[in-house]
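Shared chain: chain A. Partners: chain B in the first complex, chain C in the second.
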Partner chain A sequence: MNTLQVLAIGLGLAGYYALVAVGFALIFATLRIFHIAHGTVFITGGYAFFLLHRVQGFGLILSGLLAIAAAALLGLAIDKAVYLPVLRRGGGLFSVFIASLGVSLIVEAGFLAYTKGVVSVARTDMLDILNAGPVAVRTLDLAVLAIVAVLYGLLYLWLHRTKVGLEVRGLTDNGSLAAVVGVNVDRTRTHIFLLASALAGIAGVLTAYDMGINPDSGSRTLFVAVVAVILGGLRNLLLGTLIGSVALGILTAYAGFFFPEWVTFGVFVTMILLILVRPQGLFG
Partner chain B sequence: MRSNRTRHLFVALASVAVLFAASVGPRDAAGQTPAGEPYKIGVTYPLSGPQGAWGQLLVPAMEIAVQHVNQAGGVSGRPLSLVIEDTKGNPEGAVSAMRKVVQVDRVAAILTIFTNVVSAQMPLADQLKVPLISPVEAPGLVAKSEWAFAHSPLLTRTLPLVSARWQRDKVKRLFAFFPNTPIAKFGSAIVKAEADKLGLQYEETLFKLGDTDFRGLITRAKNFNPDAIFIFGHGTPDEGVIMKQTRELGMNTQMYNGCACVTVKSYREAAGKAAEGVIYAGFKYDVGAARKLIDAYRGKLGFDPDYAGLEVYDMVFMIAEAIRKYGYGGDGIRRGLTEIKDFKSIGGGLVSMDKDRQSVVAVGLYQVKDVVKPEFVEISP
Partner chain C sequence: MEHLLYIGSLMCVWIIVSLAVNLVIGYAGMMAMGHAAYLGVGAYTAASLNIFLGVDYFSAMVIAALSGAVVAVLTLLPLLRLSGFYFALATLGLNFVFFDLFHNLAPRVEGSEGLHGLKLPALLTTADTRFMTTLVITAACILVATHLVGSPFGRLLRATRDRPEAVSAVGKNPTTCQVVVWGVSGALTGLAGALYAATLFYIDPTLFTLNASILMLVFVGVGGLASIAGSILGPVLLIAFTESLRFIGLPSQLLGPVQQGLYGALLIGLMIFRRQGLVGKHDFHE
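On to the complex of A and B.
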């Protein structure tokens, strides 16, 4: 078996999971919202990029930036137009979860109606590859890993060196106390949704460019990202999601090699085992 | 004098009346406008759902065929028309759509598609005595019903052209991809038998329709180190993605397709440049012969029809001919379709129906030269 090739594929996948997972984790850790519509934000970024670049012929960078902005705004809109009204009307977090599921299904159905379920790939050119013996490494995978490294570094600095970042960490530790000591929860909430959704948008853009995107790509990717978050735990948000994403990337790559029809099953089993054995994740 | 003038006036008016009557009303001559109640053909195709793209691509080709039939005078002076219902690509939707077009709209023949759909519709066709015709490629499927017909090149006809090429290119190791659908069973059996006959080392794998990352499976192919890769499926973009990801995993292996699926626009768009050089065997598609359809289709949709568009175009003309010979009714159309012999396909070859109601079509071996134009060149096996 070409172990190194499968490993290379796994590390490439880990990059996408890491971008989606950290945004999901940020929202869940601070606001306790199981933001299932995060997958919808991911595919919206992907489809926006596909439409702008592939269909309308806009430039690569401009299309990417606009698509990321669209994803960020959609995420924020979901919070402002759906989650906050539910909470203000006395609905609990479970109601928010149901509303999130509803948004996800509606948007997914919309994309399915538009695309008829056909894969939308935002490029026709082939990717450059680097051959290292029996292993072919796509330059895009290296670029994704570099992007993830830079973004995680910036996230670390943001969380630890900026006022907003400190407020976010405060919310993570104790939401009620953070509000009492003067954290502007609404403003911080806006920052969190914008940032998390932009990260999902970046992942969507890269995925649409790489493998292409389907209406159900969002739910599938989000599901793996959630398991990555569970694996890593929420105590050390960045390191936890990164390690979890790498583990899930490698797991799904090996599953794709040995049992491609059982990839989702494999991820499910991993999740259940994690919850049974170490529900707080690797880092608590 | 007065009576002569009156007689002359009467003759003149009568002549004008005759000439006027000759210029309007039902006609039989070709090129004249058909009139009267149209002969209706039912169309049960997916217009929505995961396979909705096929309906969006093929219904326009049928509409063009109907337009061309009517422009040539219709069928015995009467126009053809289509009654279209969405099956959503699943058997339940197909049966429901079929009931509607037959029992409500009273069509006497049906155009339909997909193995699982046709399988569900065949018992109803037997019951309602309505012939249905489709481009299914499952060998022996339509033999199970006296009312089912297929117009398509079977893998058993196209594969020999491809395997002749394998022999010529001294292929020793063959890796095949099939989708995880019913066509994998017959496809795999046929390809494996051919590989055994040629003494090739053979491996295969199934891919899941709708997935976007096939690199795990392709790594299996890479491990096997084949001389040739064979892909056989439904002509969905998944196969194009497999081609692209194969190249992006560093494999330069020659790729082959068991049908003309690469002529489908969405397939080509997914494959990109990776499809260039692919060799396939499929429905004969002579661009010169099909010019009339290609120009009309391009005018309607902005791009060329794929091989299936030619098949459904043929089917409309086959039904029209059957009506012309034996009248508009299930029995007559069935008889007409059964007796098809040397029908001139829009793709340029001649078509005859075999005893199992499967058309025997002209097939060719082609290579993709340019995926964007697109350009497909016929090559020798």
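On to the complex of A and C.
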């Protein structure tokens, strides 16, 4: 185990963070909703995949797609059944945040009752390892990074080449103005929640396949992703979350290697310092 | 009977915590989401002083309250420049920071994850005297809190919450007001932590996580913001309800998840239907 190896592990982690963080950032930047329950969307994707693939024995691809769809629908359902009613009854964004906390408590409780807190790993075989000089790289990590690269490319095209993407960028700049000039906010909102939740679902499926998930993986991963988003800032959504996720991936990997007892401490002290020094993000 | 007295003591502890949290969230409008840290500081201070240095438990309680206040003010000072959302997020981060501190640095009794073996004075040894003592201390805390929010300072506090610029305009400093109430809140939470340790006989870091902070939010939210009665009603009703689940024979490994799910549902229901809680005089603004 050398320090270069730790870097490789950090980049692998960064891939998962990047997929969770970009959806969170998308929702926060456009709708100003602090979607804590995004973490439970992530583990729901993972558990759906675990149940379909490992327990029911469905194929890898089919289970993956169904799990991603389940995550996307859960995200949309949370918005329609919880956030919109809170907002419609005069609640502010803070009330939405507390309701979001409520959603994650419920979903996590469900998984806790089902799994008794045991880690669920969806794969049964060993992972392939490539040896590149002093560093052993898992092919899965390379695949994850490739998936992240493709998805970020598609997201870029979606944001900059489609009409919905234009509307999303409009919401980021000025929500009420966007509505005034005829952006169908409800429809755009549906797109945003489906897409962001599907991305979290993909991360959930990959994590469940790779290291497995337990009921509190969701909030743990989400908080790291939130710190990544704060680090990257919301000015340039894709680049910001990407840089933030890579930084957090490397930070947690090195912290985990040298001071395993202090990883959470490091992440949250970083967060508090960042909020204090540059709440708009390092690159905002 | 013993168990009922234990539940009664537990209710008292959480009433004090709810008062403390309601002072800052309800009356001062500061979104505190990290009070589990101060609860832990109080519990660990009292228990370590008592176990390792043999300090009398009542003196240890006073020191726990003081250390709760000091830690609360020290953690608040850097966060004062934040407002609204970012303030809440930073206090939320405190839970994780302090969990690692408790987990890695706090003393523990050989062979366990936490502290046990308190040397309690006669008034706290048996279940009934312990309940009576806790009840008296809780009543004193309720009196203090009632007096505080009814005093000119309480008025200033609500003004700081609603119109900080008006507070400045009449020559008062809203920031001083926030620091003072946060310190009082930290002291009450620290005291509650010491009583919590005496009630449970055993403390470890897992008692003082984000979950405890969420629990406080649920108690205060259900009871009602900016209301002393609400701070009493919230924990009493919810603890009575979840303990009755145990009585009707719910298997114990399901108790945790059911309780957690219930609290989640309560938070959602409150935010949609009744943001001021049962008897609150204010709601989660914004």
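List of remarks:
Just so we're on the same page, the second predicted complex is superposed on the first by the 283 of 284 C-alpha atoms of A that agree within 3 Å, B and C clash if a C-alpha of one lies under 4 Å from a C-alpha of the other, contacts with A are read in each partner's own complex, and residues count from 1 in each chain.
What we mean here is this: contacts are C-beta pairs under 8 Å (C-beta built on N, C-alpha and C of every residue); 3 or more make two chains touch, one makes a residue touch a chain.
If you're wondering where the values come from, they're calculated on a predicted model, not measured in any experiment.
Once the two complexes are laid over each other on the shared chain, residue contacts for A:Phe97 go to chain C alone; chain B is not touched. By the touch criterion defined above, A:Ala253 reaches chain B but does not reach chain C.
Look at A:Lys116: by the touch rule set out above, it reaches both chain B and chain C. When the two complexes are overlaid on their common chain A, residue A:Glu261 makes contact with chain B and with chain C alike.
Look at A:Gly212: by the touch rule set out above, it reaches chain B but stays clear of chain C.
Using the contact criterion defined above for the overlaid structures, shared-chain residue A:Gln5 touches chain B, although it does not reach chain C. Contact with chain C, but none with chain B, is seen for A:Pro279 once the two complexes are overlaid on the shared chain. Looking at the shared chain after the overlay, A:Thr124 reaches chain B, while chain C stays out of its contact range. In the overlay built on the shared chain, the residue A:Gly165 is in contact with neither chain B nor chain C. Overlap of the chain B and chain C interfaces on chain A comprises residues 112-113, 116, 261. On chain B, the positions that touch chain A within their shared complex are 48-53, 56, 180, 205-208, 210-217, 219-220, 222-223, 236-238, 241, 244-245, 247-250, 266, 269-270, 272-274, 371-372.
Put simply, chain C touches chain A in their complex at residues 31, 78-79, 81-82, 84-86, 88-90, 93-94, 96-97, 99-101, 103-104, 210, 214, 217, 221, 253-254, 256-261, 263-268, 270-273, 275, 284-286.
Across the complex, chain A meets chain C through its residues 34, 82, 85-86, 89, 91-99, 101-110, 112-113, 116, 219, 223, 226, 261-262, 264-265, 267-269, 271-272, 275-276, 279. Put simply, chain A touches chain B in their complex at residues 1-2, 5-6, 9, 13, 112-113, 116-119, 121, 123-127, 129, 131, 136, 138, 207, 211-214, 216-217, 253-258, 260-261.
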